[in-house]
Amino acid sequence: MNKPVSSHAGTDISTWQAFCATLKRDLVIALKRKNDLLNPIMFFLIVVSLFPLGISPDPVELSKVSAGVVWVSALLASMLSLDNLYRADYEDGSLEQLLLSPQPLYFLVLAKNIAHWLISGLPVVVLSPLLAYMLYLPSEAYWTMVLTLLIGTPVLSLFGSIGVALTVGLGSRGLILAVIVLPLSTPVLIIGAKAVTDVMFGLPIGNHFALLGAILALALTMAPLASSAALRISVN
Amino acid sequence: MNKPVSSHAGTDISTWQAFCATLKRDLVIALKRKNDLLNPIMFFLIVVSLFPLGISPDPVELSKVSAGVVWVSALLASMLSLDNLYRADYEDGSLEQLLLSPQPLYFLVLAKNIAHWLISGLPVVVLSPLLAYMLYLPSEAYWTMVLTLLIGTPVLSLFGSIGVALTVGLGSRGLILAVIVLPLSTPVLIIGAKAVTDVMFGLPIGNHFALLGAILALALTMAPLASSAALRISVN
Amino acid sequence: MWLWFSKLGSPRWFYELSSKWLPWLYAAMIVLMAIGLFWALLIVPEDYQQGQTIRIMYVHVPVASISLACFPLMAVAGTITLVWKMKLADMVAKSVAPIGAWFTGLALASGAIWGDQIWGTWWAWDARLTSLLIQFFLFIGVIALRSAIESQDAAAKACAVLAIVGAINVPIIKYSVEWWNTLHQPASSFSMDPVAPNPPEVWVPLLIMISAVYVFFVIALILRTRNEILQRERRSQWVIDLVSREKSV
Amino acid sequence: MQARALFCERDERVLFSGLDLDVHAGELVQIKGSNGSGKTTLLRILCGLNDDYEGDIHWKGEDLHEQRENFFASMIYIGHRVGVNRILTPRENLRWSASLHAPVDDMRIVAALERLGLRAYEDIPCRNLSAGQTQRVALSRLLISPASLWILDEPFTTLDVQGVKNLESLLSEHVNAGGAIVLTTHHALNVTCPSRALDLDTRRAAA
Amino acid sequence: MQARALFCERDERVLFSGLDLDVHAGELVQIKGSNGSGKTTLLRILCGLNDDYEGDIHWKGEDLHEQRENFFASMIYIGHRVGVNRILTPRENLRWSASLHAPVDDMRIVAALERLGLRAYEDIPCRNLSAGQTQRVALSRLLISPASLWILDEPFTTLDVQGVKNLESLLSEHVNAGGAIVLTTHHALNVTCPSRALDLDTRRAAA
């Protein structure tokens, strides 16, 4: 453990330490509530398995829609888990403490977003091949699906964070969040699902990845700023 | 306004008054937050339109999956709006007051469930034909879809209520709720979606309706009891 | 420049100035509407393919083009709100959201009616249609957020953030949707051919209708904003004076 | 109301054991104790919200569990979480609270709010009230309820000096009219009615 | 810290106008006022959480908005919502709070908790703590923070008699060591340091 240092607002070291501490804190909270770890996966699994039930168990039919279904489910799973991102902190006052930190809010918000992705996005990515198998996705498309999800889910977390930050002070949540976040996420969904479908038809997909990467870069730089601004407004 | 009456625990009149007051209260809260009214519909609309984006815009493809997609979206919309059912009351202590009421909890919980359905289920049913059109559902299946939704969505609210009641005391929600509620709701989903598909193929569907009706009757009598018990446990 | 800017930010100044503009705008709208409608509905020849339904174009295109302009406008107003904390900008932003939603809804509706006539379907998952639908959702999101947040100041800033984020995304959405659907959709039947191949007797009235609807849009925006000004400034002296003057007249 | 041989532990720490508590009509019982000594836990056990205990609780001579509804009809509990919806106005909140027991007319609601100094705030959403005002809305319930037993967990929190006095006189009135009160507070109570204190700390020290 | 000509209204009710408030090092300022008089609002404005006001606030001679980070580095705020996560333990909570300003070692965290009477509760999830214990966890932050200005909103709520004394001596120590404190409370403060009161009610009555 490091010695008490006198605080120098925004020095790199203390910013880095605050970043790490925030990341660690959110991960510890998630670990303690084991649900948080299990739930995104379970939700993803359940939603994906609703489709064969609702649509048809026919392999040919399913394989045609599988890419879309996996992607839509990933989107919904990510969005549902967003609710936890700032809510508890808002209710117990931790969010005020975060806003009153002398460290740049950008990094603290980024740390929270990364933690959220590690808890809810990454497991979905890891689990996706299994579900793709269950939905008869052609095996040549597996890697594309995993990779698009790997690039796409962080974007969902980052965009989603803006929506949660805007709505954290409101009484009713859940749905208003969805109404704000889902439209913003459509490009990622379209590109991601299309890449997987294209691979199934043997089409080139370099373009899709370039696009997804560009969106991710944009989201990484801009979204935490928007989230920070939104948090300050919500806590007012 | 009626005169102050001395309270006789559980007399029919005061139970009925408590039922009405609770129903009215929840509706007023929803009306005051206009979002609560709009959001289930918007969510339903948005989720339904995610599927064409993820799957394919092709009418032939879409019409095959349309029944399943509408049903799955209705299920998700109903489930997401569940979060509001007891959460706010738990946080501000109103739930404790509800539990300490001398009136039978069954009716109070039922009133809350009915209010929830009126706010989130009914609009979805009303809107479903429009979405069915956008997904190219064959027109002969419209009525079946609306009717199955009309019987099915109350069941979703009632079953969902049990899940929320069980999880209302927990820090993280959203997902754990989904994990508990979705499996409970699959029978309704399967039967509802199958009825619609069967009608598209010209098969008889009387059976499906009988089943749905039976489930609804069961849910109406049992689910509020289970919710009541769950609430007592959660508040402990 | 700065003086002008801060003057523009004063709701009162805007209110008084717009009072002077409004009669002119009404006149312009009536004249343009009359000419445009008369020309479009009665003079323009039937299309050899589409028959009378071509006349829907004179509603559809202006409405659609305005609905596209609304989001950027809202984002600009939002930026001004956030950066210069100008109250008037937020009043404009608040007023433009429902108008934008309505115009987007009208574009969707008029397109759907037209589509039913010539494509035989009310709806198709075509690029343009889909991206407009998503933009409609975004408008609803902004309106929902505004009505959900109670504090006026917080609502203003929150909606500004959402409008800016949305405005960055609208082109991305549009692009991704366009590019998504080119594979599956036969371009010919769904293409919204530019008016270029058409003769001037078709596009001149269209231009007139576009300007008429634009003037209508500006009027609606000004009226809504004035309404908002009166509501927010209802306790300031000049509004009280104004109201008492109106009453005495 | 009688409680006999109550025993409760949380996290393997015994909060109280063999605790006997009798509450009679016309009496105020103040539960004292340092932070974490188990006051809130005790109150929640008494009012039937917490089942994690051993021992018996009787109400009018009969076991509590066998006549929950009768008990609930004549008891009112206000806890750390006050049970005031933030979206509804004080008036609407009270109307609903009342209807759970016995509906009352609007006059009484307004009178109750006025008595607690919330005149002119009847129709403002509770989220726009300050901490103390919200507490007052909750306390107004006492005035419109027919309950004879009041169970109050730190009812004085966030009240200002005037509010504290007001509440104290309210408590005295209720007890003098034959009601019973169990409450916790850290502040020195100043009431004009028969009152008694139970100190959980000294009990434990003695044990 | 200086505030000049503060003006704030909520729901069209003017809470204060033309309010001047100077807080100097080595001084405790107690904001008084009845429920709903605007104490919480004033504190939140002072600490930069609330922007809905008119007027200027200066910190060390410069405008607050232009040096937010410096100000945040030497200010600590504890409000009605105390900022204690219910799942983490007191130790983890404090470690994170500290790291937002300047990380401190575990020894100091334990010492702070001990000083506030939470020995043996360091590693219990905060959800299992009583209301007063949670408040104490929040107050421990004061001891591990390098901040010189403390802004506290009703810090005495739910504390027991011992806890109140403890906190009062803590406040006195801080002020005597050259710190500054702004706080609200409805209870009669008993500190051994220079202190001053600002009563929002009498100000408004005078206006």
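Going in written order, the chains are labelled A, B, C, D and E, and every chain counts its residues from 1.
As a working rule, contacts are C-beta pairs under 8 Å (C-beta built on N, C-alpha and C of every residue); 3 or more make two chains touch, one makes a residue touch a chain.
Predicted model only: the values in this text are computed from it and were never measured.
Hopping across touching chains, the smallest step count from chain A to chain E is 1.
Chain centres were defined as the mean of their Cα atoms; on that basis the chain farthest from chain C turns out to be D.
Counting C-beta pairs in contact across B-C and across A-C gives the higher total for A-C.
Note on chain placement: the centre of chain A and the centre of chain B lie 27 Å apart, centres being C-alpha means. Chain centres here are Cα means. That of chain B falls 45 Å from that of chain E. For chain A, the set of residues touching two or more other chains reads 33, 88, 91, 170-172, 176, 179, 182-183, 186, 190, 236. Among the residues of chain C, those in touch with two or more other chains are 134, 137, 140-141, 144, 148, 151, 153, 177, 180. In chain E, the residues that reach two or more other chains under the touch definition are 51-52, 80, 86-87. Partner chain B is touched in their complex by these residues of chain D: 47-52, 69-70, 72-73, 75-77, 79-88, 92, 95-97, 99-106, 108, 125, 146.
Interface of chain C with chain A (complex): residues 82, 134, 137-138, 140-141, 144-145, 148-149, 151, 153-154, 157-158, 161-162, 164-166, 168-169, 172-173, 175-177, 180. For chain A in complex with chain E, the residues that touch the partner chain are 1-10, 14, 17-18, 20-22, 25, 28-29, 32-33, 88-89, 91-94, 96-104, 108, 235-236. Those residues of chain A that touch chain B in the complex are listed here as 33, 35-36, 38-40, 42-43, 46-47, 50-51, 53-56, 61, 64-65, 67-69, 71-72, 75-77, 80-81, 83-84, 88, 91, 170-176, 178-179, 182-183, 186, 189-190, 193, 197. Taken in their complex, chain C has these residues touching chain B: 121-126, 130, 133-134, 137, 140-141, 144, 147-148, 177, 180-181, 184-185.
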